[in-house]
Structures are given as structure tokens and as C-alpha cells.
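One structure is given below, represented as C-alpha cells, and several questions about it will come after.
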Amino acid sequence: MPFRFRPVDTTFYDLFAQLANHLVGGAELLAEMLSNGGDREGVAQRMRDAEHHADETTHEIVRRVNSTFVTPFDREDIYALASGLDDVMDHMEEAVDLVLLYGVHELPSELAHQVEVLQRAAELTAEAMPRLETMKNLDEYWIEINRLENSGDKSYRRILAKLFSGQYEALEVLKLKDVVDSLEAAIDAFETVANTVEQISVKES
Amino acid sequence: MPFRFRPVDTTFYDLFAQLANHLVGGAELLAEMLSNGGDREGVAQRMRDAEHHADETTHEIVRRVNSTFVTPFDREDIYALASGLDDVMDHMEEAVDLVLLYGVHELPSELAHQVEVLQRAAELTAEAMPRLETMKNLDEYWIEINRLENSGDKSYRRILAKLFSGQYEALEVLKLKDVVDSLEAAIDAFETVANTVEQISVKES
Amino acid sequence: MPFRFRPVDTTFYDLFAQLANHLVGGAELLAEMLSNGGDREGVAQRMRDAEHHADETTHEIVRRVNSTFVTPFDREDIYALASGLDDVMDHMEEAVDLVLLYGVHELPSELAHQVEVLQRAAELTAEAMPRLETMKNLDEYWIEINRLENSGDKSYRRILAKLFSGQYEALEVLKLKDVVDSLEAAIDAFETVANTVEQISVKES
């Protein structure tokens, strides 16, 4: 028996899928907060829970990387992917949190497009994670994320132009800009995740 | 003689302890600045000196990593730890600097808790650095830093809520938010240092 | 023939020089925007083109790293250098973009020094890139970049003090601070590039 088969720990894929699914939930909560009749306190509480679950999954991945001899791809890429997904959640949670903390009365309707981008990016990411096992059909995922990020960027700039157009008071601009920046950071973090997946895919192919 | 003993350079631990001690001094200067009777110009000058010393120690560590064949732990971890400690100092110096630069008249009393967190975190970090040599009793250090960071985060949010409550003018909010953000960034940087130590400890154990 | 000669791909140096030359063009566009008679829309369009070209060169470098067996220096350092240069361009483009987006009427004359620093740093970087091949005379480059960054930092602080002096309305401070922060981030990004070159040079020497 010259070759001993060493099984890779497939549950890494499950954990990444699980982490991405927390992001799907988080993006839905953002959409709920935007519908102005929503119960903001309730949304914020469920967002904190989602963020907590994402943290636990991230720690589970890190623990497993450190205790597993054979990993499905480079350790540093597993770290990068896990912490990238966790960053998305942190920015989404921050956005909800700031709305409550600052006592923002009315969110400009333009934010809806940013949140749609986040919902779509979360779904695409959750669908892509299981495909890490075969490394097949991942290019359509990262191409679409890049397209979404571009679209989100255009929204972001339109919102900034509106905020600084003179129709908002300086203090309100300050508040809204922090919220909008958090959403934009969440979208950018999805792109970072997609870049990491591309990097992994190029290495492994 | 089948095995040649290769001594590790123990002075890395001394340099890390020295760097952390600069942070203890920096946190004390922040506390001095908060006591409103303090000589702010004098504090700022001593803070610049402390930041300069920290820079020198950081460069000494980097130089030594590059010229030493055997390091006590991974080169990249030594870089991460040194630059993490240096980041703390940069944020503390920035906070003092902005107070003078912006001509902030009165610092809200709520900042005192952020500074207390920084003082405690600096002391704990300085005490932990020599323990890197044996890798013993480090878990209590990073657990406590994480607890402090959570506590600092709550203060930070309370301060933001106060800043945006309407009792401050927009320009004053802008000024104070930059100062408070620098203190918060310093606290976060202590957590990054603790995470690096945890990472090193897991790898080496 | 016990040793097979493996040629290194010299075109990496050409690509880095090309990328740095895009930055020289970008810095010139910033200077053009500052001269208040300038056609800002036209400048912004040419800046977007420059940014696009820089992106393409960066991707070309990354593609080549991934498909080349022997690289002139560590893969991770090539990534760091390429993405560092790309970051400079992103921040310069952002500055121009914000001026238009926010509808900034008049740019304080103090910005001229920041832009001069960027022009000089871009030229020095473009001149240094071909010297990566021999690793000779690179120290004068990074020493001068560090000196420029210090000088830029002093300007930055003078501008902030002016912005918060009370002569600007809060909303105008918000707008101008974002522009000035982008320029400062571009200068810092040049320093990060110089630090990467220093790091590479120390390793290879």
C-alpha cells in the first residue's frame, strides 16, 4: 500500500455555506428595516443574533483550520474567506445599529437599491459556497458579484450627491452618510469574498 | 553530534514588552489630557515623543526579524504583533493631536470610560508580553481584552448617541466624532493584538 | 546537464513601470483640476480612463503571477506591490470624483501642496520601478517617499485646522474633508508602496 488516502474535511464547505446563509438572513433584515412600518427594535435584536451566529460559525472554521492536518485549500485562504464573510455581516449589523443609535427618522428611498444588491449578493454567495468542493461554475458567481458591486457603487454615488445637494441639514447628512457607508462597505466586502474565491479557484485549477 | 542547538533570540520578548510599555505611557497621557486643567500642548508633545519611541522599537523588531535566522515564532506573526502594537500608539497619538488641531474646547465626560479601557488594556498587554516566552497563562489576557473591548464598544455607542442627540452643533459633532473614533480605533487595535497573540499561541501549542 | 536554467519573466518590471506611469498621469490630472479654470468634467473623465488602465495593468500582473512558474520575487510581494500601486490610483480618482459629486465650488488653495507631493511621489515611484531588476539605488527612493509623506502630513494637518477654524459651514467642511482625506490616503498609499519595495529589497539582498 504505497499511498495512504487522506480524506479532506468536507465540513469546511458546510460551514462556509452556513456562514453565507447567515448573510442571506441579515440582508433580509435590512430590507425589513427599510420598510418604514417595520419594528426597528425587533429587527436590530434579530440582527444582533444573526451577527452572533455568524461569529460562532467563523470561530468554528478557525478552530477547525488550526486542528485539521489536511485542509481542502490553503489555510490562509480559509481564514481570508471566513473573515471576509464575517466582515459582510459586521457591516450589515452596523448599518441597522446606526439607524437606531442616531435616531434616524426617515431613510431616503434610494437606500432600497443598496439593500437589493446586498440581498442578491448574499443569495449568490450562499449558492456558490457548496461549489467550492468541485471548483466548478464559480466564475459566473464572481463575475455577477463584480457586476452587482458596480451597480451598488453607482447607487452609492447617487445617494451621496443627494445627501450633499442641500436638502438635508448637516447633522442629518452626517447620520445618513454613516448608514450609507456601512451598506456600501457590506457590498464591497462581498466583492472581497468573491475575489478570494477567484484567487482560490485559480490556485487549485 | 547529530543535533546542533540553535538558540532563539530571546530579546524579541524584551522588545515586545518595551513596545507595550510605551502604550502604558500613552494611555496615561490620554488620561492627563482629559483632566481639563491639563497642559494640552505639553501632553501632545510628550505623546509625540512616546509615538516616536514606539516607532523606533517597532523598526528594531522588524530589523531583527530580517537579520535573524531563527525567530521564536513565525516571522509574519512577529510583524503582525509589532505593527499591531504600533497601531495602538498611532491611534492614541491621533486622538490627542485632533483635540489640539480642531481646537476642541470641552471633551464630553463620557470619554473617560474609553480612556480607562485603554489604560487597563495597555497594562494587561504589557504584563502579557513576557509570557510569550513560555506561552503560559495567555488565555486570561486575551479573554480580558475581549471583555474590555466589548465594554469600550458600549461606551462608544453611548457617546455617539449623545453626540447626535441634538445638543451639539454639527461642526462640534464632526470634531468630537473624530476624537472618539480615534479612541475607539485604539481599543480595537488592542483587540487585534490579543487576537494575534491567540493565533500565535494556538499554532505553537 | 545537472542544472536547467530557468529564465525569470522580466516583463514584471515593465508592468510595474507602466502601472506607476498611470499614477504620474493621474497626479497631473489632479493638478489640472486644482487650477480653477479647468474643465472638471473632462478631467474626471480622463481620470476614470486612467483608473481603468491601471486596473487592467494590475490584473495583467496578477494573471501573470498565477501562470508563471518562476517570478522575480515572492508572489505575495508582487501582489502587494501591484495592489499598493492600484490603491494610489483609486484614491486619486476618488478625490476628483468627490469634487464633482458633492458640487464643491472652491477648493482651498492649501490643497496645492498635497497635489505637489503626489506628483513628486508618482515621478519617484515611476523612476524606481525599473530599478527593481537590479535592486540597486532603491534606498534613496523610499527615503525620499517617507520624507514627502511627512511633508504631506503637515499640509494635511494645516488644512484640517483651517477647515475647522469656523470659516466654513459644517456641510462644506464635510465635503472638503472627504476630498482632502482622499488625497491624504493617496499619499499614504505611496508610502505603503515604498515600504513594500523596502521589504522586497531587504529580503532579496
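Just so it is clear, A, B and C label the chains in written order, and each chain counts residues from 1 on its own.
The criterion applied here is as follows: contacts are C-beta pairs under 8 Å (C-beta built on N, C-alpha and C of every residue); 3 or more make two chains touch, one makes a residue touch a chain.
These numbers come from a predicted model, not from an experiment.
Taking shared numbers over all numbers used, the subunit B to subunit C interface scores under half, which places it in the different class. Overlaying subunit A on subunit C by C-alpha atoms takes a rotation of 120 degrees, rounded in steps of 5. Note: centroid distance subunit B to subunit C, computed from Cα atoms, is 29 Å.
In subunit C, the residues that reach two or more other chains under the touch definition are 170-171, 174.
Within the complex, the subunit B residues that touch subunit A are 157, 160-161, 164-166, 170-171, 173-174, 177, 202-203.
Across the complex, subunit B meets subunit C through its residues 66, 97, 101-103, 169-171, 174-175.
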